[in-house]
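Below: a set of structures, written as structure tokens.
Look at the two complexes coming up: subunit A is in both, with subunit B in one and subunit C in the other.
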Partner chain A sequence: MKLIKSIKSHNEKAWCLSQHQTLPLLATASTDKTSIIYKLSAASDFPVIAKLEDSHKRSVRAVQFKPPLGGESEPVSDILDLPALACGSFDSTISIWGIEEPDELRELDGEDEQDIQKIHKTLLTSPKSEWSLMALIEGHESEIKSVAWNYQGNLLASCSRDKTIWIWETDPETLEEFDCIAVLNDHSQDIKHVTWHPTQNLLASSSYDDTVRLYKQDEDDDEWACVGILNGHDGTVWCSSFEHSSSPGSSEEKVRLVSASDDKTVRIWSSTSKEEGTTNSEKLPSSLKSQPKEMVWEEETVLPIAHDYPVYSVSWSKTSGRIASVGSDGNIVVYKEDGMKDWIIEDKMSYAHGVFEVNCVIWCLLEDGEEALATAGDDGSVNLWRL
Partner chain B sequence: MSDPINANPVVLDVSQLPTRSKKDQTEADFVDQNLVRNVLSLSFLERKHYEEEESAGDSGSDSDMQISGDESVCVDYFEEEEEEIDAQEIFDLISSISDPEHPLTLAQLAVVNLNDIEVKNDTRSKNSIAEVLIKITPTITHCSLATLIGLGIRVRLERCLPPRYRINIRIKENTHQSENQINKQLNDKERVAAACENDQLLGVISQMLSTCK
Partner chain C sequence: MSAILSADDLNDFISPGVACIKPVQNVSGSKDGQQDEVEIQIDQDGEPLEVSKADGEASKLNPAQISLSDCLACSGCITSAEEVLVAQHSHNELTRALEENRTQQTKKVFVASVSHQSRASLAGAYGVSVAVMDKLLIDLFVAQMGFTHVVGTSLGRSLSLIYEAQNIIDRKTRGVSGPTLSSVCPGWVLYAEKTHPYVIPHMSDVKSPQQITGCLLKSLVARELGISRDNIYHVSIMPCFDKKLESARPEKYDGELPSPDVDCVLTPKELVTLIEENTNIYSLIPPHTDITKLPQPASMSNIYKQVAPKTWPSIELAWASNEGSSSGGYAYHYLAALQLHLMASDPSVYNPQEFELVTVGGRNSDVYEMRLLFRKEKVGSAAVVNGFKNIQNLVRRLKPSKSTVSSNPLANRRRARLAKANKSDDSSDTDQADPSKCDYVEIMACPNGCINGGGQISPPGDVSAKEWLASIIDRYRSIETISLFDSPDARAVSDIIHWSSQFIDEFNISEMRLSKTYFNTVEKPTDQAALLLGTKW
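Let's look at the complex of A and B:
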């Protein structure tokens, strides 16, 4: 692993990172109450695109870019898709940020389709585009720990120390209104993290109560309900990440999730149960037919132990199928699947942020298409790594 | 103020508290012992000299130095020539924190004890991650202030220790009925970070730490 660039982003802890799914944009979250958006371009030395400030009274704990309209597999091309970002804060509010349509875009008629795409990308990642606050969402009683958009961008989930998850519905094109359609209070403690499956409406939450829970919407009555509990960690679960269905190693039959915990372990869980409404129900074991709403999950494996202290973040690469984890010990560990259910450590970097703790790791794609890792640490830095 | 949770705690005399090893004693002998006791009980001494660390070697020139008995109490974050930190030094940093309900320090109440502090330094390098383990003994097993005391200790150490230290604060085994719950809360970095943004809580902690300066 080699350091591509260390960006001194914040003077206080950097908690979280998010990359836009189709644009080379990276967002940060920090104790200094701000979020910064960078362009993931090595050629132009990772310039700052925007600094989002003056909207939160306490730490910004979590950030996530809204996915492209229609989802990444079937992007909508006839509407201009402007990037947007959700920030969750310890002040118990969520801010939604976006940009106005750049004037130049209106003058593009008649150009070749491919050229237009390129120009779009350049304009939407330009520091000239002004990021502004579009909405401030209130509802949680205490600190928000994580925010996550579903794959179509019409649902936003948030979780908090108040032990609840709120699901907000919005129009992904305008992002004008956010209506709370569900409050999930299955966890018995502080909820640390939420994440959606990359291609279906399946939500996973990680908690201080040492469990991960999974939720789906009932097809008949539209109610959101807990459909699975992952028991096994012996400490707070800090983060989880779904395997992407297009990632090497994934199988159509199986949904997999990786989780990272205070117990220093990283675990993979899998469920072979089908989504409701699929025609393959005759293939399911009889035990599942009687309870169609429940998913059966089992612990598939514990990844090789490589952390000496709590593991705070884990990310499953859509591109390469590898998993990366980081934590309090400052290590970045990269695991790869070696045959069936067998995982090995492919790479490890110690002191990735000097002696500081590392709070977040994500896989990202740089502007030139290269896969890289981005990490955020207590030193306020964002580091980018080439494997 | 409402009724104290523990109205009659056992109190140690300041002179009973552990200080830097006896070897300093001979040099310090010429200072009147009563004076030492009185000055120590004011307990504002400890941090006063940390900026004068360079002159610490010159012990004869400053008798206050000998009274406080150690060279550096608060180590600057980015100081390169960092002294090895030991249990006594950690004790000195936290012993003078005030109890939230008694006008006494945590050392006087034997909430913090030198024997319950362990420092694990990596011998390979002074720049590697090290660990401080502190076990606190609440004065009574149902003390509802134990979490607050632990938080005060954590804030004090996070402010004073270099970032390479991982701070582990635990309730001494079998001294509190909610031991596991408190341990988990005190060592959750996110909960601690959020607590430190709560002005009311931070106010109480500042009060507790005001006797450290």
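Let's look at the complex of A and C:
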């Protein structure tokens, strides 16, 4: 593993990172109450595109870019998708940021289709596009720890120290109104992290109560309900990440999730999403059929132990199927699947942020298409790594 | 809503804060009021002592106590209220009071009022009709526990519905902007006071059936028996734990009638627990009885009559139910009253045949809007909003607009694009309920409203929550209803109003005392140290 670039982003802790799904944009979150957006371009030395400030009274704890309109599988072609970002803060609010349609876009008629796409990308990642605050969502009682968009961009989940997860519904094009459609209070303690499945409306949350919970919408009455609990970690679960269905190791029959915990382990869980009770459904009383379908999850494996202290963040690569984890000990560990269910450590980097803790790791694609790792640490830096 | 007060978790609740931040004040027992320097010590029994540094005199310290009214006036938490409630409003408290009454010389008179939703819940739990359950409850209270009177909460509810409708029509006529919000759900009131004080000007200050019933019941019984109100102990059976909080609210017009209108609030769950813990004394179902073979009572009205105070206006008004939602039908009754009001204001124009009531659904079954149309034009609207997440969306819409967010450029772009494409914007044209734009909103903190209150009996293991609720709603709907505004000439309304003004005159209490509540804005705690006490990471 080699350091491509270390960006001294913030003077205080950097907590979280997010990359836009189709654009080379990277966003940060920091105790200094700001979020910074960078262009993931090695050629132009990772320039700052925007600094989002003056809207939060306390730390920005979490950031995530909204997925493109229609999701990545069915992108919308008749409207240009404009990037947008959600920031969750310890001040218990969520800010939504976006850019206006660049004026230059309107003068592109008649150009070659491919050229247009290229120009679009350049314009949307240009520092000339001004990022502005579009909405401020209030509702949580205390510190927000994580925010996550579903794959279609019409649902935003947020979790907080108030032990609840809220799901907000919005129009993914205009982001005008955010209506609360669910408040989930299954966890008994602070909720550290939420994440959505990359291609279906399945939500996972990690908590100080040592569990991961999964939620789905009931098909009959649209209510969101907990459909699974992952028990196994011996400490706070800090983060989880779903395997992408287009990732090399994935199979159609099962959903997999990786989780990182205070107990120093990283675990993989899987669920074969076969419908329960389809064979003897006639024998069941009708009352049982209307119960939300529970998912059956099992612990597939514990990844080779490589952290000496709590593991704070984990990320599953869509491109290469590898998993990366970081934590309190400053290590970055990269695991790869070697045959069925057998995971080995492919690479490891110690002191990734000097003596500081590493709070977040994500897989990202640089402007030239190269897969890289991005990490954020207590030193306020964002480091980019080549494998 | 305060699911924390209940053994079961509701799936939709407002989570309380963690720490009690109420500064405890203890009246010092110092004789001359002079403050010596003191030292706190613990004696050999582990009791705290206060030792004066001046003369070495030791005095025992009383444990600090927080009362329910302290909790209500504080924004810290509802968790400490739990213990207070258990002490003041528990089934043990009722059995203790009954026991005390047997042994003491000055006897208290026990009276009970039973809400419609609780009757439906208990009937469902025991698999009997509401009439059979009423009979069993009356038997339990009167024959076994020695209660003097038992009534339903209908009279109180009818008055609450009438006052509420008048209040909204009055506000609408005066041109008060924004919707009037109901305040009969104490969970919602507490939440609004503590976290969204800006909605308080919108709140209707009409009292709930529980409190009005209490005021009437105690006054009438006191007069009939020639005793003081203080000697009457009123038990109210309610579907929700938060009703305890409501009954503990100090009266604003306390000078007129001291002593609370309701002494003990029990939920159906707690009533069942009370019976189960005292099977040697009490039983809801007579021993050795096959409950399925209990005969349907021939005429309940005789039974109702026997146990109601003699001066209770009409037996119908003791136990009957009302049209509209199973929370009491507040939204529906406002529109019925509005139609009547319009017809009375100009009978030549407002022909009853030309009115129409339509219901518009919201994003889920717990949000809907009813519109009163006259010649197809909307003349009034009322919405029903149940459950925390729907309340959230409503209060956020009512919040005074923030200036930090600039106008949304993407929305403009979308409009421009759609205008260009020359097709209608389907999503904004669809007619969806918007409670924030209605005249009135009936708000209940529990999903599905009061019929699904936190104190109602949970379904048995093999029955789904949905089916169970449906069966309880069926039972609620089986209770005979009385028409108020939609009765011919609204006779029932004028009768009730006539009766209540007589009551007010005879008892020399104000209409305010009988029918009006009040709200507090509770200041958010600002002491960071106190907040951190409750912090769990």
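In this section, the second predicted complex is superposed on the first by the 368 of 387 C-alpha atoms of A that agree within 3 Å, B and C clash if a C-alpha of one lies under 4 Å from a C-alpha of the other, contacts with A are read in each partner's own complex, and residues count from 1 in each chain.
The rule we apply is simple: contacts are C-beta pairs under 8 Å (C-beta built on N, C-alpha and C of every residue); 3 or more make two chains touch, one makes a residue touch a chain.
Just so we're clear, the structure is a prediction, and the values are computed from it rather than from any experiment.
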Inset, instruction - Please work out whether A:180 is in contact with subunit B alone, subunit C alone, both, or neither, and reply first, second, both or neither. - result: second
Inset, instruction - Name the contact category of A:191: first (subunit B only), second (subunit C only), both, or neither. - result: neither
Legend entry - Partner chain in contact with A:239 - subunit B first, subunit C second, else both or neither: neither
Inset, instruction - Scan A:139 for contacts with subunit B and subunit C and give back first, second, both or neither. - result: second
Inset, instruction - Count the residues of subunit A touched by subunit B and by subunit C, then name the partner with the higher count. - result: C
Inset, instruction - Please indicate which partner A:330 is in contact with in the superposed arrangement: first for subunit B, second for subunit C, both, or neither. - result: first
Inset, instruction - Answer with first, second, both or neither: which of subunit B and subunit C does A:60 touch in the superposed model? - result: neither
Inset, instruction - Report for A:360: first if it touches subunit B alone, second if subunit C alone, otherwise both or neither. - result: neither
Inset, instruction - Please indicate which partner A:208 is in contact with in the superposed arrangement: first for subunit B, second for subunit C, both, or neither. - result: both
Inset, instruction - Using the superposition described at the top, list the residues of subunit A that contact subunit B and also contact subunit C. - result: 161, 190, 208
Legend entry - In the complex with subunit A, residue positions of subunit C that touch it: 9, 11-13, 15, 17, 195, 363-365, 388-389, 392-393, 396, 399, 402, 404-406, 408-411, 413-414, 417, 427, 462-464, 466-467, 535-537
Legend entry - Touching residues (chain side subunit A, partner subunit C) in the complex: 55, 79, 82, 98, 100-101, 132-136, 138-139, 141, 161-164, 166, 169, 171, 173-176, 179-183, 185, 189-190, 208, 221-223, 225, 285, 287-288, 290-291
Legend entry - Residues of subunit B that touch subunit A when the two form their complex: 127-129, 162-164, 166, 184, 188-191, 193-194, 197
Inset, instruction - Name, in rising order, each residue of subunit A that touches subunit B in their complex. - result: 13, 31, 58-59, 61, 90, 143, 145, 161, 190, 192, 208, 236, 262, 309, 328-330, 351, 354-357, 378-379
